[in-house]
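Presented sequentially are two complexes of chain A, the first with chain B as partner and the second with chain C.
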Partner chain A sequence: MAGYLLRRFWHMVLTLFAMATLMFFLFRLLPGDPTATVISPSLYPKAQEAMRQQFGLDRPLFEQYLLYLRNLLVLDFGFSFQTNRPVFEMIQGRLLNTLLLILPSMFAAYLLGAVIGAIAAWKRGSAGEVGLVFTATALQSAPLFWLGMLAILLFSIKLDLFPIGHIVTPGLFPEQDWRMYLSADFLHHLALPFLVNTLYQLCFPLLLMRSTMLSTIGEDYIELARMKGLSERRVLFGHAARNALLPLATTLPMILGWAVAGSVVIETVFSWPGLGLLMVEAISRADYPVAQAAFLLIAVLTVFGTFIADLLCGLLDPRIVYA
Partner chain B sequence: MPTIILDFFRAVWRGPFGPTGLVILGICLALAILGPAIAPYDPVARNYDAAGKLLRLASPSWQHWLGTTLLGRDVLSQMLVGARPALLVGGLTALGTVLIGVNIGLIAGYFGGRIDSFLMRLTDMFLGLPFLPFIIIVLSLTGRSLTTMVIAMTLVMWRSTARVVRAQVLSLREMPFIAAARITGASDLAIIYREIAPNIMPIALVSVAFALAWAIITEASIGFLGFGDPSVVSWGSIVYDAYASQMMYRAPWWVIPPGIAIMVLVSAVYFVGRAYEQVINPRLRTG
Partner chain C sequence: MKLATAFAGALMGLGGLLLTDTTAALAQGQPVPEIKLLTWPAAKYQHYFETSNYVAEGWRKLGLKVTLDPQPFPSPMLSKWFKEHDFDVVMSVLSGSPQRSEPDFFTNAQFNSRNSAPGDSNVGSFASAKVDELGARQLALYDAQERRKVIHELQRVLADEQPEAVIAYVVNTFAMNTAKVDIPGYEDTSDGPRSLWNMLRLTSKSGAPVRIGRTIDQGTFNPLAATIVEDFNTLSLVYDKLVELGPDGSPRMWLAQSLAVVDPTTVVVKLRQGHSFSDGKPVTADDVKFSFDYLKRWNAVYFKKYLEKLASVEIVDPETVRFTLTEAYAPFIINTLGQVPILPKHVWADVVEKTGIAKPQDFRNMPLVGSGPYVLRYWREGQEISLQRRADHFAKPASDLLIIVFGSAELVGASLKKGDIDVSFQPIVPTVVKEFAAEKNVKLIQARSNGHMSMRYNTARPALANRALRQAMAHAIPYEAIIDDVLGGDAGRSATPIVPVNAFWHDSSIPLPAYDIDKAKAILKAAGFSWGPDGALRMPAK
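Coming up: the complex of A and B.
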């Protein structure tokens, strides 16, 4: 297990390094002045020159690259074009907001998906099951941003049950302190994006659980459980479902990554001030240092999530560790 | 190759979901080709009523079946025109994805050893790349066009196909017919493309379906986020316009149709993909 852990950790570091490198060259291969993505064009020429030296932009590309890596390691992402504040300051709070929205809803989606999927497999062939599979496929096919907009249209505008977007009522917590996250107002704002994201993310584990369980039905151990005279319910939930949980767990890394990457969409619809929204806004304002830092942080989340989920899978299924 | 396509249609045609999906796909394909020709109005022209007043957010009527936008544009015409970018971007991306993914999977699985670990490490790296954020960054840095979108999406999406194909190749490699081919003196390339490749075609076709579905949703999401080609009217960009105008709540006819169109098209792709998957993998069949 220790060897497996070490190997996975090394892969994670390698992947992050590759991504940082990719970003460096992507942002510098732009047509025109390569420094245009690092130094705000709106600064005075003198200030631009000072920054050019500070970031080593007057040096050869390779030296710039080393400096860039060093700056990343000490979390120095440069300055925002928009506010001229350090990028790190702008990103800090955003990370927590994204995690608070995505993690609980992914957790709920997998839990509910496994349970509903198992029930669907149990009731296979019934009209209810066909309807459920049809609905889940349709929901999975709908664009998440559109589902979010419909939810706002219905629950916020027509029924006036939830606020429209944002993380708390604007002006309620002028200094973004931690008490904000404990308020009822925060939960009220979280509810709708949480529900929409959960409903959307639920479809994949549900359909997978159902089809994995159906494919175990021909297995010997299921046959044996039937021969022992167990009820259909015990055969399915005691034997088939347990084994179907394993393939479900192995998809978690991938799906977590998708969900974090997909936060761009859900955060935009609900004006949720997380990393995804920060990135979208930064790009539309050509605030490249912020965009780059937000992207790298999303990438770190994705890769780190994969790492943790891989470890969990290794614990659940020792065959993975020794493969 | 043609027999595989024929087998594909024959396989999907069984069961209720497959044919439904195929018919919907056929309709969408027809719209993608004919859409601009049968659109009743210019999708970006402003429309005026008889008195010469701009038709802002007009609700559905006989003249404008799906109403008009804030700028007085005909929603139905925009919908009809929007089918083409969805299918074009989706189709090309799916094709490119499978082409790269299948080849990498074949090479990694067949040769094994160092080549395999290198290619799989590469695949893992791409699996860690946040998909949508990456595409948005590439689009904003290199210019917003459908071509860039297809290239950027293809560059990332091959990762899943490569994994699936490799796993399949690993088990095929040990089959007696491969050993037989080797004894007759077939080269590695001949074994890969003549013996193994035909056997992974079914899996590759399933991959095409899932890549197509994913690419269509992504194209729409990019349009919605405002990073689509500014000169193209797509289903995603219709929703973006409605969202950006902040008037969508007064004009549901503007927001609901594009979402339904995407949902129906992507569901159809899933239906066809799953129907085919059930045929090539009978263990997935119900009851």
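Coming up: the complex of A and C.
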């Protein structure tokens, strides 16, 4: 087990190194020059030069790369080109906002998805099941921004049940601290993006649960459980669903990084000041350090999530042996 | 009789035809080479691309061969445009911004032959002794009235020389909720309600802070680190400058009480008395000198260009400062005195030593101490900026402001309609303007941009060095069709690059070139151009 962990750890480090390298060069291949945001239309040459020096962009690319790697080792993400502030500090607060939205909605999506998926498989062939599968497939294929816009149009503008966006009512919390997160106003703002995101994320675990359930239902031990005279409910949740949970449990940590990356859309639609919105801004302003760090963070979440998923697999299924 | 004349006419026509035919081989010049029009990518900048398409279509009617060369923006388009000058004609879009009202920007800076180096503004390498002479002359005239006369003459010369064909300026539509706010004495500026003059007048009817919606978050509140115009617009609310750009483009005294030009390189500024920073300390000549020296010493990138011609700043007495320039330079008033924020020396002088940062650009600058009309109460990144008016400020700001950041322009509009915000600082998309006009409490505010779009000629190309050709091309652009079809009517025309909203400097007496193919052809003919048998335009014979 220890040997496996060590090996796995090295794989993670290698993957992240490759990701960091890719990210570094990818952003430098992008069209756009960070010094071009100095507003002079003619890109005033001397101001450009001064900026290049300030950001270290005048040095050879390879030297920039080595410096970047060295700084990464000590978790120094550098300074934002746009704000001159430490990137780490900028990302911190934004990440919290993103996690507050994404984590609960992923949790709800998986919980609901598992239950509804299990029932759907159990009632296979019924009109309800057919309708459900159709709806879930349709929802999953619908663009998230479109769903969000529709929700705003209906629930915020027409019915006036929820605010149009933001994390709290602007102007309500002049204090710059955690108190706003504990307010009813925050929950009121969280509700709509949470619902939309949950609905959207629900489809994947639901369909996955349904298809794994379908293969579980055919197993002999289900037949045996029935023959023992257990109630339908017992058989469904106690025996069938429990054994179908494995793929679901292992995809959750993996998909987390992906969900954080997906926050770009939901946050833009709901003016939610999280990591996604920061990424959009950073890219449009060619703020390499911020964009790099944000993408790297997502990569770390995904890689680490995959690692957890691997461990979880063995934990949940004793048949898997680490060698 | 009639028949006889017609017959004679036909004979003469035939004779003429024969004559031109026989002389053609001798007298006709080379065909005008194909014109490559550098333009914007169609997918992302559809209306720019479509505008260049309309222009090309018009020019083809003169017998010109025009091909569009759309390039991805910003790269490589910007480098082809500004560095390599790799174009015959470029679809130039110089967007508006308050500082571009300084009249040098759209005239002399763009067309003086001294500014033709790669990366500089004269991208078409235009050269005219008259423009150079007038350009140099206006730079030495500090008196705005005197300078205006030269700027007007410069515009007339440019209208005749046609180093660029000015197509249109855009009109942006903003909106506000009249049930909640008002802007008494609204100033017609290029920035609409976003202009400092109108923000100061923004009056809340309930006494609550005026809620402003926009999509751009502040990048920084540190003036040394800021680089984009939106950041500086907000900084103008919390920091004062010596001079402020007036709504009509002329300079107005601000923190300066008066300004005297002693000689062409010496400007003496007398400070307004009794004004203080938000922490109660008075604004002195010491702070003024410190601010200019500090921005220069620490290489604040945005100000680099504007501080270049400043040789030294001296304190004459606690309320008087003397600026010495390296050469006579009238834009110093608007560009430099009108942009450099006066920083409190007692906050910044030892900020590097005290906080252990490498350079003042890294300073968070919170809580912010400035002398501006508003005090920054708090800034929640990506969300809101709360500004409290200073009742004791000489500009007399009307209300507190709350600037709210949205994820998209559509939401700003929806929030305005719903009543969540009071003013939209985001221009409304032309397609929904009608929808907004129908709302009961919504008032639309139209603002004419002080930027413009134009066709810039590369006059280093032999054909385009010909002034008559450029003049003719100005008459072959379907201006009205572009404004109506492509720009949805939200645009206006100007005969000169200093557009009408820049009222103090714009010369309104210059006639607009009309879209008139016959007139264009007549100009070409008079200049010795001819047309080949295939209809292609040929250069005048040598």
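List of remarks:
Everything below uses one rule, namely that the second predicted complex is superposed on the first by the 262 of 323 C-alpha atoms of A that agree within 3 Å, B and C clash if a C-alpha of one lies under 4 Å from a C-alpha of the other, contacts with A are read in each partner's own complex, and residues count from 1 in each chain.
Heads up, the rule we're going with is that a contact is a pair of C-beta atoms (placed from the backbone, for glycine too) under 8 Å apart; a residue touches a chain by one contact, two chains touch by 3 or more.
Since this is a predicted model, take the numbers as computed values, not measurements.
Within the superposed three-chain model, A:Thr268 lies in touch with chain B and with chain C [touch as defined at top].
Applying the stated contact rule after C-alpha superposition, one finds that A:Thr83 touches chain C and leaves chain B untouched. Residue contacts after overlaying the shared chain place A:Ser215 against chain B, while chain C stays out of touching range.
Of the two partner chains placed around the shared chain by superposition, neither chain B nor chain C is touched by A:Leu256.
In the superposed model, A:Ile119 makes contact with neither chain B nor chain C.
Once chain A of one complex is fitted onto chain A of the other, the partner contacts of A:Met51 are limited to chain C, with no touch recorded for chain B.
With both structures placed on the common chain, the touch criterion links A:Gly171 to chain C but leaves chain B unconnected.
In the superposition on chain A, A:Leu26 contacts chain B only, with no contact to chain C.
Looking at the shared chain after the overlay, A:Ala241 reaches neither chain B nor chain C.
Annotation: chain A residues 37, 149, 152, 157, 268-269 touch chain B in one complex and chain C in the other. By the touch rule above, chain C contacts chain A in their complex via residues 72-76, 78, 82, 94-95, 97, 119-121, 123, 209, 211, 217, 219-220, 222, 225, 227-229, 299, 301-302, 304-305, 308, 361-362, 364, 377-378, 380-384, 386, 402, 404-408, 410-411, 414-415, 417-418, 420. Across the complex, chain B is touched by residues 11, 14-16, 18-19, 23, 26-27, 30, 37, 124-125, 137-138, 140-147, 149-150, 152-153, 157, 211, 214-215, 218, 254, 257-258, 260-262, 264-265, 268-269, 276, 279-280, 283-284, 291-292, 294-295, 298-299, 302-303, 306 of chain A. Put simply, chain B touches chain A in their complex at residues 121, 124-125, 127-134, 136-138, 140-141, 213, 217, 220-221, 224-227, 236, 239, 243, 248-249, 252, 255-256, 258-259, 262-267, 269-271, 283-287. Put simply, chain A touches chain C in their complex at residues 31-33, 36-48, 50-51, 54, 79, 82-85, 90, 93-94, 149, 152, 156-157, 160, 163-168, 170-171, 174, 176, 267-273, 277-278, 281, 285.
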